[in-house]
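Heads up, there are several structures right after this.
Next come two complexes built around subunit A: one with subunit B, the other with subunit C.
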Partner chain A sequence: MAKEYVSMRNLRFVLHELFQVEKLTTYQRYADHTKDGFDLMIDSAKQMADTLLHPIYREMDDNEPKMGEDTVHVHPDMRKIMREFGESGWIACQEDYEHGGQRMPATIYGASNFIFHAANTSAASYFGLTGGSADLIGTFGNQELKDTYLAKMYAGEWQGTMALTEPHAGSSLGDITTTATPAGDGSYRIKGQKHFISAGDHDGVDNVVHLMLAKIPGGPAGSKGISLFVVPKKRPVNGELVANDVKTNSFEHKMGMKGCPIAYLIMGENDNCHGWLVGEPHQGLKYMFQMMNGARISVGMMSTALSSAAYYASLQYANERPQGRHVSNKGQDGPMVPIIEYADVKRMLLFQKSIVEGCLSLVMQCSYYEDMIRVTEGEEREKYQMLLDVLTPMCKTYPAEMSLLSTSQGIQVLGGVGYCADFPLQQFYRDTRINPIYEGTTGIQAMDLLGRKVTMKGGKAVMLFGAEMQQTVMQAMQDEKLKPYAEKLGASLQKFSEVTMKLMGLAQTQEPEVFLSDATLYLENAGILCVAWQWLKQAIVVQEKLAAGQSGDELAFYEGKMYAFKYFFEYELPKSIGLVKRLMSDERLTLEMSEAHLN
Partner chain B sequence: MAKEYVSMRNLRFVLHELFQVEKLTTYQRYADHTKDGFDLMIDSAKQMADTLLHPIYREMDDNEPKMGEDTVHVHPDMRKIMREFGESGWIACQEDYEHGGQRMPATIYGASNFIFHAANTSAASYFGLTGGSADLIGTFGNQELKDTYLAKMYAGEWQGTMALTEPHAGSSLGDITTTATPAGDGSYRIKGQKHFISAGDHDGVDNVVHLMLAKIPGGPAGSKGISLFVVPKKRPVNGELVANDVKTNSFEHKMGMKGCPIAYLIMGENDNCHGWLVGEPHQGLKYMFQMMNGARISVGMMSTALSSAAYYASLQYANERPQGRHVSNKGQDGPMVPIIEYADVKRMLLFQKSIVEGCLSLVMQCSYYEDMIRVTEGEEREKYQMLLDVLTPMCKTYPAEMSLLSTSQGIQVLGGVGYCADFPLQQFYRDTRINPIYEGTTGIQAMDLLGRKVTMKGGKAVMLFGAEMQQTVMQAMQDEKLKPYAEKLGASLQKFSEVTMKLMGLAQTQEPEVFLSDATLYLENAGILCVAWQWLKQAIVVQEKLAAGQSGDELAFYEGKMYAFKYFFEYELPKSIGLVKRLMSDERLTLEMSEAHLN
Partner chain C sequence: MKILVPISVVPDTTSKIAFTDGDTKFNEDGIQWIVNPYDEWYALVRALEITEKDGGTVTVISVGDATAEPVIRKALALGATDAVRVDTKPTESYVVAKELANYAKDKGFDLILLGKETISYNGSEVGGMMAEFLGFPFISLASKLDANGGVATLDRSTETGTEVVEVKLPAVISAAKGMAEQRIPNMRGIMAARTKPLTVVPASGVQGKTSTVKFGLPAAKSSLKLVDPENMDELVRLLHEEAKSI
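Showing the complex of A and B:
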């Protein structure tokens, strides 16, 4: 097991130097917090991760859950983990005081979440899902639901889930067939099947509470007729838990994330599955999207966390593994050198560092917008909401897609042993492969960006977002050392805006399939620009710190940041040129061709 | 299990229409063959793969080998597979008649190897390694070694291996410490340890024959003092097999290729491990490189095979899975459409097709050069040898690296189920991850290309290779439909040649670290150009076929080729622009920075 999986120094840089989170304490919602308090939270997160999560990362992979009589048997520590994260307040942390929460800012929770997932992403999913689904009940549920479920969920005694997918309806949620029929007593009778429900059943908790999408018969067709229900595995009746006719039929064997089972549930086989409506009928998708948007940002963070864990594991190996000699050592004699001394190994490590620290900054930008939405009002709040809406598809997708490459480079640094189970690299690689699929695939995110977010409010949201990036460019132009990079990003933004104009033109004159046909490439390009923007923001701060004078480890830290920043601009940003070239082309191969051409 | 894993129609296109393999029969070595005979061989390969290999692809993954008392227990079918591939002549097929071979051309063997690895890459590795190591004994061994080993190995009764790597010497072979001390009886006593030996021990055969690198004490230091030995697990003594003091200490648990164990061997614990020298002392690395070069081409083929299997599995799913409706269907009503109808799914499939068929063509180009080396002499032979030498790093690396992305897109087409064990996509993804590491990592290949092949014979080899590509460009320029693509490739070649000139200039004025620092990007760029070249070659043939008039499935086949060809030029070739941009830059980040900057 690698010694380290995150850089606490870099987390403090992001929180305090880049986003200056202590400014949040000037708003009333966060007025009880202090900078030191934030640091204590992060340090406590690290300690929880070190002691409870990280030690069993491999064990949870080696020992897959097992189907039992009435539940799924997971790693025996999961019960302790759920309870300890509950009792120490992590599951409820972002909530208001009256729900037992701490009003923890999204940025601080995001940083903690990063640590938890880097330590053990399977284990962190259990309580992450519980917190998200409890928050959903807290926001949209009635008092009875809150009274019945929140305390148990926030205590980590009951698991919460998102139950959306059905065997025949994944991306196409409008086609779900699970029904919820009014029972006349204020509850509903649920009938149907759900698939791929993460932590959908296990013996680490006393009950499982599904936040489930279903259709009330007679409601509107498609996605307009979806309602949200609380459907527990066991329903509380007079203080007792009674089986609620939710059967775990099976769970899937997966290539990664093995520690967290995804269940196939059958509800209402005996017509005795009770569900309770959350909020208004037919508003389920809208409610669920509160959790979904948070979940998308969380996927960006999980991906970045796995890239981080892979980076530090491969960095440690590169420092310790002697092999061969420098090419300038003509006789190829003398002792072997640690592989970190080779340019190509440094390149592989620097690539990982530029992805980890670039993506972390991007995801934290979203968390920062979330916080600003919580503390502002009116037009200002609307501005932050638009910025968050536009940035979410990139925040979900770029870290997820790049984590495939970044963890892969981690394996490559180790060579053959990276492929072997005795080193964790191959587990990071397997675990992260789900991230471009979770919570809306890359293709779905691309449609969301180009088909919805770009055109939203007459293009106002994208303009706002472009202005944010432009502002960073203008600021960096003032610094002679950063000016060449600012110019590069400025030029790339200009090209990208030409692409957007061209596609919007197509949108007005042709079927929507045409302008959306390469939406995935458009999203990829946008992701590169967003991370370049975040790196430029970081570089501005770093230049200030260097100008103030640094020495020792701190000097190395800031210089290292500059190398990773330059790496991104030298090796990653140029990929945008090829993407623009394609996006400006009028060859519509995928629309012209038929299925027969693929045989 | 997916129905299909290769396209036999495309294999016939590559063999007969693109490379016109029947022309090989005009040379004496291949004069006994016919075009129909070649087709029978390929069909027989497909049948062997269908009946023996493909049915147990998943079983071999689900049931990892187990360490026994004296051997490693592998899938029980491996004994039958080894014997049947031996008896039907596949292991010896490329050899001369006197060794029981069929003088099968490298192109035909390559096509068969493609089928075997697409069907079950773990199983195909056992007999592929056996054939390669037997061929090595056949080429460099004395008559006694040939008499003792070849018949049993070619019959599939004894396994052959490549035993190079040691725990402390992987890429740095000059540092191996296994010793071979002359015993005075013509044999040597071997002492040392070998690591990562594929099929290094198993119960599917009666003996294992290691082609092992070791050092004779007193010989030259480093890689100049390496000799090649035959070291059997059991040595034949008076017609009996006697234990030869080769102990299998353990085997590694890996993320993929689970069906084929990689062994950790300890030789000479009881000072009773006998080895026999192959050829001359201290020439071992040179001999081994005959097998190694073949193995590198084979890795290109294995990677392409896995990309192919993933492509057809995801294509089948896309045709069968209904989900959602077209965006132009405003009401989002009516029946769901199969996902293959979506532009983004077509793009993911077309990407895979362009990689599979482009890489297959590239690897077959190497096999074709191998055949021409076998049948020509003098200057002509030297020309083909140079072309093969230059092309090998791209042939090994581009298909290997792209198979990570291509099998990943295969998963993505399936979405969540692609991550699950019930579908083979995740196994292709895991299995192929070793390919950029096998037989010299991507970084090692890059050093080979830029540090050795480009400068070889005063640059003559690269010039020859450039001329080959240029010839295809000139030919395509004659066709109005292909001219725009020929111009694109021509321009990319021009840019790449400027990069080469610049790097050669650096090589003459600065330490070798400088011009080699981005060798991996240089290799990536070269790989893209090589596959673009192969696609242009294919397009020339396709245009001739279309001009001759086609209908039905044949028309769809050729049109499909044109779409995949255009895809490569529209989506993949532009990646070269960003790479050139970086390669022309003078920022030497990885050389300037120190290890401390990576913390």
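Showing the complex of A and C:
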């Protein structure tokens, strides 16, 4: 196992130097926090990850869960992990005091989540899902639901899940067929099937609480008729837990995230599955989106975390592996050199570094907007909400898609052993493969960006976002060293807005399929620009730090950042030129061709 | 029981060590500071366990300047009742021990529990000196400790075996591995730490008796050497002459 999976120095840079999180403590909501307290939280997260999560990362992959009599047997440590994360306050940490929370800012939680997922993404998913689903009950549920479920979930005694997907309805949730029929006593009877439900059943907890989407018969068709229900595996009756007719039929064997089972659930085989409505009928998708938006940002973070773990593992290997000699060594004699000395290996590592640190900054930008939404009001709040809405598809997708390439480069750095089970690289690669799929596939995110977010509020949100980036560009223009890079980003933004104009023109004149046909490329381009923006923001801070004078490790840290920043601008940003070319083209191959041509 | 836990603030174990001022000073640039693990994991946690069970208070104390405060807060987050910082930069064990004793002498502590050594200087000197200044007994290297009814019973694990010792309190005891399990601050503890008292007291002006002439790093580990499998004599020579392992 590699020694490190995250850089705590870089996390401190992002939190304190880049986002200056202590400024959050000037707002009422976060007034009880301090900078030292934030550091203690991050350090505690690292200690929790080092002692509870990281040691069993591989074991959870090697020993897949097993189907038992009436539950799924998972790694025996999961019970302890759920309890410890519950008792030490991590599951409830973002909540208000009355729910046992500590009002932890999203930015600090995001940084902690990064550490947890880099240490062991399967294990971290259990308590992450529990916190998210409890938050949903806390926000939209009535007092009875809160009283019945929150304490147990926040204590890590009961698992929370999000149960949306059905065998025939994944991306298209409007087509779900699970029903919820009023029982006359305030509860509903649930009938249907759900599959792929993460942590949907396991023996690390005493109960599982599904936040489930279902349709009330007679309601509106499609996604407008979806309601949200609490459907426990065992329902509390007079202080006892009674089986609630939720059967785990099976779970899938998957390529990664093996430590966290995805359950196939059958509800109401005996017409005795009770569910309780959360909030109002037919508002389910809207409520669920609150959780899903957070979950999408989390997926960006999880992807970045796995890229990070892969980067540090391959970096360690590159420092230790002697192989061959420099081409300039004419006689090819003397000892072999560590592979990190070769330019091509440095390139692979620098690629990973630029992705890890660029994406981390992007995801933290979203968390920062989340915090600003929590602490501001009126127009200001609306501004941050729009910025977050626009940025979310990029924040979910770019880190997820790049994590596939970044972890793959990690394997490449190791050569043959990277492909073998003794080294963790192949596991990072397999584990991260899910990230572009769940919480809305890349294709769905792309349509969300181009079909919805770009036109949202008459294009105001996108303009606001463009202005944020322009502001960074203008700031960087003041620094001679950064000016050439600021100009490059400025020019790329200009091209991108031309693409947007063109596509909006198409949207006015042709069927929506036309302007959306290459939405994924549009999203990819937007993702590249967003990370370039974040790198430029980082470079501004780094220049200030370098100007103040640095020595030793600190100097290497800031200089390393400048190399990764330049790498991104020299190697990654130019990819947008090709994307723009494609997006401006009127050739519509994918629309013209018929299914028969794919033969 | 009223327990005092002296804690040292030391560089994180992953810090790169370098020196300045003609190798007479430790270069603190970019260093992350932590509570000395022997003080935190064993002494502080055991002190907390004892008071959680039988009641009482745990005061942590550190000799250091203001930069030590974030680290002292961690001890408060772990559960210490209050904290004291003696406001001077520590220079040598004698100064630290005397400053600590000067603070503790009239406060009525039943037990003074500290780590067996710091991971930075590995001196193991402060506990013994402090006991001498206070006129208390000193028992070093305790790997197990129970204290009640004015008596402490402890195990001292040495290379040759275990010694069980009983001592009347007050006493100074130094803690070694095994005394307790490391704890991680929880959210409530971290939030509570902000408002727990951290009192800064002026140093009593103890003067040091030694000065550092020069620091040096241990010799760098030599790089990997590959020996031809046919050349066993060379391997034996290297093991004998360079590695000095045979």
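Keep in mind that, in the parts below, the second predicted complex is superposed on the first by the 599 of 599 C-alpha atoms of A that agree within 3 Å, B and C clash if a C-alpha of one lies under 4 Å from a C-alpha of the other, contacts with A are read in each partner's own complex, and residues count from 1 in each chain.
In this section, a residue touches a chain if its C-beta (ideal position, glycine included) is under 8 Å from a C-beta of that chain, and two chains touch if they have at least 3 such contacts.
Please read all numbers here as calculations on a predicted model, not as lab measurements.
When the shared chain is aligned, subunit B comes close enough to touch A:G416, but subunit C does not. By the document's definition of touching, of the two partners only subunit C reaches A:E554; subunit B does not.
Residue contacts after overlaying the shared chain place A:G68 against neither subunit B nor subunit C.
Set against each other, subunit B and subunit C differ in how many residues of subunit A they touch, and the higher count belongs to B.
Touching of subunit A by both subunit B and subunit C, each in its own complex, is seen for residues 322, 336, 553, 557. On the subunit C side of its complex with subunit A, the touching residues are 16, 18, 27, 29-30, 32, 69-70, 73-74, 77, 182, 184-188, 190-191, 193-194, 223-224, 226. Listed in rising order, the residues of subunit B touching subunit A in the complex are 7, 165, 168-172, 174-175, 196, 221-223, 252-256, 315, 319, 322-328, 331-333, 336, 340-350, 353, 404, 408, 411-412, 415-416, 418-422, 426-427, 429-430, 433-434, 436-437, 441-443, 446-447, 451, 511-513, 516-521, 553, 556-557, 559-560, 563, 566-567, 570-571, 574-579, 581-582, 585, 587, 589-599. Contact residues on subunit A toward subunit C in their complex (touch as defined above): 8, 32-34, 36-37, 39-41, 43-44, 47-48, 51, 87-90, 92-93, 102, 104, 322, 335-336, 550-554, 557.
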